[in-house]
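Below are two complexes that have subunit A in common, paired first with subunit B and then with subunit C.
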Partner chain A sequence: MDLDPGQKDVTMTNKSECSFDSPAQYHLVLFVAGDGLNSSIARQNLASLCENELAGRCRVNIVDVLEDFSAAAKNNILVTPTLLVCKPEPVVTIIGNLSDREKVRAALNLKEVKP
Partner chain B sequence: MTGYSDDPLQRLEQAESALEAIRDEQVDAVVGSKNIVLLKLHKAEQALRQSEERLRLAMDAGKMASWEMNPATGTHTSCQRLKEIFGLSAADGKRSRDQCLSLIPEEDRRLLVEADERALATGESFEMEFRIRRPDGEMRWIRSQAMPVKDGQGRSVRLVGVVVDITKRKETREALQVSLEEKELLLREVHHRVKNNLAIISGLLDMQCQVAKDPAAAAALRDLDTRIRSIALVHERLYQKDNLARIDFQDYLDSLLHDLRFSMSPDTDIRCTARAQRISLGIDLAIPCGMIINELVTNAIKHAFPDGKTCDGQGGPEIRVEAHKENGHYRIVVADNGIGFPKGVDLNNSSSFGLSLVRMIGTHQLGGKFELERALGTRVTFTFKPRHKEKSWLDSISAPE
Partner chain C sequence: MNPENFGAPARSPEIQSISKAPTAIRGLDVILKGGFPLGRTTIISGTAGTGKTVMAMEFLLRGALEGHAGLFISFEERAEDVRANASAMGMNPAVLEEQSKLKIIHAEVPADAVRTGDFDTRGLLAMIEGHANLMGAKRIVLDAVDFLMSIFEDPGRERAEISILLNRLRDLAMTTIFTVKAEPGGRKIYPFLDFMADCVLFLDQRVDEQVRTRRLNVLKYRGSDFLSNEHPYSLTPEGLVLLPIPSVLPGESSFKKRVSSGNDELDRIMGGGYFMGSCILLTGPSGIGKTSLACTFAQSAYNRGEKVLYVDFEVCLETLVGAMQSIGLDLNPALDSDSRLRVLTGMPESAGAQEHLIRIIDEMTRFSPQHLVVDAISACRRMGSGKTAFDLLLHLITECRAKGITCFFTNQIRNQEHLIQVSGLGISSMVDTIIALEYFLEDQRMNRRLMVIKSRGSDHSKDFYRLDLSDTGVSLSRDTGRGDWTLTPDKRT
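The block that comes next holds the complex of A and B.
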């Protein structure tokens, strides 16, 4: 994972807030383009995911490629929205607005966590 | 999904899933090596923009301003045009509701606030017109329509509405009303003057009649006088009643028969009755019909009852006038129980000026037809169907026979 050291953490909800002292099981980075429709949908879907299924187990960064182009370039992002699952390894890329909840769950290996 | 890697195969897989996401319209932007291309032609977004644009154009066309109020949070948002209508500057962003309300006169303000509360309580929309005094002192008429918005449980949680400046419309309506009243006054005045002038002519004829030495000349002047009076009566009825365009024919006939009866034959006891219920006529039909009835009744008073004789010698002399309307056709009946028309004399061959006049007006101007029945006195039935645009009755009189 090659994020800028200055990239700020974004706290999605109180529940998903994780400090660096207690390492989270998941580290997710969502790349969006401003307040585009799909970017907004992806933000909402990610917020709901963190709140419901990854509560207390995730750290989330949101990168707006319109503000931080270099982060997108460094991570070989082709389109937005794209979600990088940096942790657990190996890094997985999910492209799209995250509306397909099953695809997202599969990528996060969440199948057995909740029905 | 793929793992991020520099492996060319995985890069290809990523590119393919990116393309799939683009096809599914789940992508906002494509990140190139040097720049970012925003994908703007998103169907859903486009549809939303178009719908917003349509709404905006409609609001522009109607010069409507919109507002929204949330009583729970106490927030009130309004569009720029609302501020323009109320004469507030764009900077007056906060407390816009209070500012708007302060421009409404107290009584209307109270009613408006009550209506808002009632709408939220009952869930029913409402509309209201009121005046405002803008900060620059200008008075404006406003029409406000509001509708409560319900949440999932059916409770009204917000109030949305539109506001239109109807000052111009109000002014136009008031100007129209004034103009209408002026027109009515003028028309009433015209009818009054026509009636007065006809009364002067009638008076002159009366004076002339009194000095006429030849009895035939005097009789002709008297007949002319009754004809003039039957026309004057139409104008009198028009300006005396609320409706300036039509007269109540029953009312007209009652007066006409009363006048004829007492001017022509004050000493006899001929009973004259009229029945024309629920018939109202415009001036174009009232005058020719009035003249026809005037001639036929005058004729009956003069000739039907010599020395008070009737057809069967029983019962008093009687003249009946009736008017009916059926399927757009008018039927006028003038009947008496007198001794009857002389044998061989018909409406069509009579040499009498009065009956010629009846024939002329009835057939030429109104396009109707007459029917004469001689059983038990005389009964003349005249039927006609009004044309869309009547010729003036004067046209038919001046037209060569």
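The block that comes next holds the complex of A and C.
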């Protein structure tokens, strides 16, 4: 979904990798930069999150900006890793390698799970 | 060592300057002696609203018009806003974007972003490199770098990330421009940035006696010479404009050709008339006849087919025409044709000195006059600080000297002591001819008289001459009763 240059900038349509017709409850897009430390940690953390708390209800896209640099521009990505929570709305931007689990959960509006 | 060269004057070797990227911004390449450092980093810093983004964008746009592709990364403003602001300044980025000579990217971290761990700018770098390669761009602007750095809450981290960015751009031989906000008063938020860059510009704006003045300073330019003073600049519909005073003083030219003052007696007094291309200053109190003499000169010039640009800071056109009609001088035929006489009027307070100067110089370029009249230079002190009149005069004289244009300036003074001063600054060395007018009391009546104080390169009479204004124009005579000189009204052609 390409951003039309004439289109008025509205927060939600800003993030063009997001698609709103996905059946899953959560649509997450993770922007990483290759195999750097932060990117690897983020991938692992995200995988863990999806397997456990979001099992069966999330759709994940991983975009490597080293390979697809125009996706970064289209989505106004500045730092990596960046996780875009496209769905449910409103779009939430999470930056960092997702190590702070509590914050990630809070951002996703998940109730705290006691281990 | 060759003995034959021993007595010859030493010639300073040409300083091997670094390669530069011309900016094509009016006046800037003169100040920077060529342009920004090629393949290196330049910082444009300044407080809000000083035009940092305008300058950076203009650099890319003008470069793009010459075929140099450029990348504009905005950390603060959205791409549409960047585009709209550039359009408002008379630049058209959209066309260049379509031709892939320009790309505007907005990279941001939203204010409500959640921080969940460490992150870095490798993605930004990948994006920059990717687009630069795609477009073949060697010029890049990072606008509002302070915004980028504020994302990292640790100062050590800020420096590290910027270093990585800068070094990578250097490796890629990108001519990089960073714009950075400074605190009012010039205090730097990120002082270390200046050390990392090769060239640092500082844009300053202040309000001086109710008039806003903008000034540009080159704080540093590694490996190159530059004009080191503060340079006034303006943001115009055609972009940024600077008019640096060249480092060479206007030299004394040798004048050859004479032009009539429009009055035969005055020509005789002057030893033949004024010199073409010289600078004439006419001083005197209000109402004494300076404008009359200025217009007498102008009319005689345009009647010979020479073009005159008349800049009036005192009255509007109708008033000028009316006042001259009372001495039998009709400017209307020349004004109607517009090819011999052009009049620029305007209140000095209406703009800063820099804007007035640009307007005059642009008109001179368009009209190509042989002669320039400014009536009166003294009104320029209302353009801001007292020194403004002096600077304006200096600029105009320099410009006219370079082009061989005669300048005729009137100066309204109150006190006889200030004959040869403008706003308290001496200008006698800059002008070639000074004619003073004054009132004197005789037989309980106020009369006028004229004296040529100085006229470089010409033998002039050192006496006082009586000046009369009548409906047939200006006339000069030696003191009545002496009998040597009779009243001779100037001939109308």
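As a working rule, the second predicted complex is superposed on the first by the 89 of 115 C-alpha atoms of A that agree within 3 Å, B and C clash if a C-alpha of one lies under 4 Å from a C-alpha of the other, contacts with A are read in each partner's own complex, and residues count from 1 in each chain.
Just so it is clear, contacts are C-beta pairs under 8 Å (C-beta built on N, C-alpha and C of every residue); 3 or more make two chains touch, one makes a residue touch a chain.
What you are looking at is a predicted structure, and each value in this text was computed from that prediction instead of being measured.
Following the overlay on subunit A, a clash is recorded for the pair subunit B and subunit C. Contact with subunit B, but none with subunit C, is seen for A:L84 once the two complexes are overlaid on the shared chain.
Legend: residue contacts after superposition of the two complexes on their common chain; A:V29 is shown touching neither subunit B nor subunit C. Once the two complexes are overlaid on the shared chain, A:L46 sits clear of subunit B and of subunit C alike. Contacts of A:C58 after superposition: neither subunit B nor subunit C is touched. By the touch criterion stated above, A:S70 is placed in contact with subunit C alone, subunit B being left untouched. Listed for subunit C are the stretches 96-104, 114-122 or 294-302, of which 114-122 clashes with subunit B, judged after superposition on chain A.
For the contact definition in use here, the residues of subunit A common to its subunit B contact set and its subunit C contact set are 31-34, 36, 38, 65-66, 69, 72-73, 76-81, 92-97, 99, 103, 106-107. On the subunit C side of its complex with subunit A, the touching residues are 75, 78, 80, 97, 105-110, 112-124, 126-127, 129-131, 148, 151. Interface residues of subunit A facing subunit C in the complex, by the touch rule stated above, are 5, 8-9, 31-34, 36, 38, 41-42, 65-66, 69-70, 72-73, 76-83, 92-100, 103-104, 106-107. By the touch criterion stated above, subunit A contacts subunit B in their complex at residues 31-34, 36-39, 65-66, 69, 72-73, 75-81, 84, 90-97, 99, 103, 106-107.
Subunit B meets subunit A in the complex at residues 1-5, 11, 14-15, 17-18, 20-22, 24-31, 33, 35-36, 38, 42, 44-45.
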